[in-house]
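For reference, chains read A, B, C and D in written order, and residue numbers begin at 1 within each chain.
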Amino acid sequence: MDLAELREQVCQANLALVRAGLVTLSFGNASGVDRDTGALVIKPSGVAYARLRPSEMVVVNLADGAVREGTYRPSSDTPTHLALYRRYPSIGGVVHTHSSFASSWAQAGRPIPCLGTTHADHFHGPVPVTRPLSAVEIEGEYERETGNVIIDALERLGLDPLEMPAVLVLSHGPFTWGAGPAEAVENAIALEAVAAMAYRTTNLERAITPMAALLQERHFRRKHGPAAYYGQPAEHR
Amino acid sequence: MDLAELREQVCQANLALVRAGLVTLSFGNASGVDRDTGALVIKPSGVAYARLRPSEMVVVNLADGAVREGTYRPSSDTPTHLALYRRYPSIGGVVHTHSSFASSWAQAGRPIPCLGTTHADHFHGPVPVTRPLSAVEIEGEYERETGNVIIDALERLGLDPLEMPAVLVLSHGPFTWGAGPAEAVENAIALEAVAAMAYRTTNLERAITPMAALLQERHFRRKHGPAAYYGQPAEHR
Amino acid sequence: MDLAELREQVCQANLALVRAGLVTLSFGNASGVDRDTGALVIKPSGVAYARLRPSEMVVVNLADGAVREGTYRPSSDTPTHLALYRRYPSIGGVVHTHSSFASSWAQAGRPIPCLGTTHADHFHGPVPVTRPLSAVEIEGEYERETGNVIIDALERLGLDPLEMPAVLVLSHGPFTWGAGPAEAVENAIALEAVAAMAYRTTNLERAITPMAALLQERHFRRKHGPAAYYGQPAEHR
Amino acid sequence: MDLAELREQVCQANLALVRAGLVTLSFGNASGVDRDTGALVIKPSGVAYARLRPSEMVVVNLADGAVREGTYRPSSDTPTHLALYRRYPSIGGVVHTHSSFASSWAQAGRPIPCLGTTHADHFHGPVPVTRPLSAVEIEGEYERETGNVIIDALERLGLDPLEMPAVLVLSHGPFTWGAGPAEAVENAIALEAVAAMAYRTTNLERAITPMAALLQERHFRRKHGPAAYYGQPAEHR
């Protein structure tokens, strides 16, 4: 992929987070990766969204995290993004937000249970929460360790990152990912919608149990994998 | 009715769902039917709302569900729409959304009780929830069976679909309908407003009981049936 | 006052309710009165807000409720407005909405307690809820009786309508009023804000007690009556 | 600083509160101060936001509160702003709102606990609530006393106002501040986001405990003080 094209995609992904109402002030960031050239493109740290341009995206080496191009400092969460891309070759975009409902579940330390088909369409089972970071992890390379506990959360449960494209970082907020930046944004939007409905469902019915496993499976497979029949065939996408 | 006119109505109905805030990503769909020519017009599956055009609506045979016109695949929920149109000749439009508050009641498995006049103006009694689908129904023709449990929910309670133009599908979300696509959209909007107020009322007062039956009846009949006096006489509508 | 000017004010008041997010579909209406000519100007019943024009407002006799000018039927809630204007010569505008938080309190049958200065700035004490309508009242002149129970709620508590410019109709929603249509709208907006905060406060703290009486009084008198010092002196308003 | 420039900044800060959804009707005000000339610039009292112009801002003496320039009366909360500026030379902007979630915590009389990194990024510990005002304070110079209880709340806990740039006034709402008007607005926006998430977290998990102290510290120091590494170095801000 052309680096100019990736800059454009990553800039659009960051702006899409704002349009979707997932971003307050400058919390949140989106990135994309070009596996061929080992380039990670990410939002600059603490820059106002209103003035975000493709040319302002920062290009970082996937291998060592060094800035390759860009006048700005990359997002301070860059080491978290790097950890995820390095561990999972299948992902091409990562998003981090402090979206209100998903972060409320993260703050409560509770996985989001699968209570309905909106959830089952996007996430294969409950959305996990990370374990607490240790004192050493917090005082050490904190952002890289945040990536590591996300990976731990997926691996502890044996999850494929493309079937569970979201993890809640305890006392923090969600990270989502996907095949590219646009898919990572879509998963961030779906996660916030799912988190809001799960919050309201739980308030209505404290003793709620997850939806039928078979129905979860049917919905997930309607949209994912070889038997998917939701949406258009490849030539119309 | 002209098929071009119905395409336009159905396209407008889908866009109205977005404007009303009932749609996240591409969840949700609206359809309309022309009884004379046996044509169902419905949104294509998984197409972004931003680019929706009347010409992209898919035309399907009401009788056998075969695609009559259209380059796109119809909504994967088409068999649910077909089941409703076939069973109820009085309805001319169907809408499905995952709107946040109504879906939260569906996820909680609780009918929406009639707590006030906004509800009584639109829905004649509590809005029902479907029974769980069986394993055979989930693994079989799932979307058609979804239509069947909606019909079951209405028939179990002896409800006329134009007096109860909404059912919550368990662990999923609402379907609404009406004389045409615009009326189905109006009922989807009213349902979400009613679901939000019932949610908040229930949080304020856990022991809430339904409103007085006589008042429910008065409000429903103010807007529906021969003694209706809400709105304008036919010549001004 | 010129009737054309009052039509304009009433039309603007109805549109302001939509802009403030207090209206779903066509629920809600605003009116104004000209005491000199005994004319009530009110929104037509069930007309879409998008096409509302001053010329479409309906003019009704304050004395007997007969339509004086207008091609449309007046709001079906007109008898409620008439009852309030006839009983209280001090009010010049009335608004009815089904705004979400205020209606949730009405549905719960609970007065909105005075929990903070936003409330105390606008409403002198808890916002009352009406008693249930009797079967005879519901089956009789229902809308006029709705006005009567609002008046009952104020008189039972000895309230001046300009110091308590809002009442919640049980199982229904709020009516507000003021010196003119714009003030009635302002009170409807303040009521919804106050209702939302009281809802959230109650969820945070179930055992909440009203704010200190002296502080309530200080805030109300900062804005109302001879010692008011909030806002600009008359020449700058 | 040029007074025209400060008028512009203060006007922009007031308008930014509206754009951020923190203001209903005319509740809320922002001010800024020029230490060199001892001038406080503040929003006029009760003027509609739609017509706010820099020329309408009121200039008041920091020393004695007398109006130096302006045709309008200054915000009735001016004595609260004055008290804060006089006590804390480090602050250059103050904001007051009745934003919905933060005011709900103020009405509940509960400090906002630090439950996640969004909070820790902006506020160094739980956001305090003031003690009740005494009868003498309410009946005396009420607005100045409001400033005094804010100062009390900070001093009782030994807090630096730039590390805790927000206090909730009991039964009222939040005051925030910062190096200038824009920073005070940013803190008001962050506070409302944090208040909403803490509300939802508390509803999900009644027994929630604050986040790990070490993680709070790490996040606060990522953005504040000599070891900060969030955002851009000074030359790019």
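Note that in this section a contact is a pair of C-beta atoms (placed from the backbone, for glycine too) under 8 Å apart; a residue touches a chain by one contact, two chains touch by 3 or more.
Everything quoted here is computed from the prediction, not taken from an experiment.
Subunit B and subunit C touch with mostly distinct residues; of the residue numbers seen at this interface, under half occur in both copies.
One rotation lays the C-alpha atoms of subunit C on subunit D, and its angle is 90 degrees to the nearest 5.
Separation between the centroids of subunit B and subunit C, computed from CA atoms only, is 32 Å. In whole angstrom, the spacing between the mean C-alpha positions of subunit A and subunit C is 46.
Shared contact sites, meaning residues of subunit A that touch two or more other chains, fall at 203.
If each chain is drawn as a node and touching chains are joined, the picture is one closed loop, every chain linked to exactly two others.
Under the contact rule stated at the top, the pairs of chains that touch are A-B, A-D, B-C, C-D. Against subunit A, the residues of subunit B that register as touching in their complex are 24-25, 27, 44-47, 71-73, 76, 98, 100-101, 103-110, 132-133, 135, 138-139, 142, 171-173, 199, 202-203. Interface of subunit D with subunit A (complex): residues 115-118, 121, 186, 189-190, 193, 196-198, 200-201, 203-205, 208, 211-212, 214-215, 218, 222, 229-233, 236.
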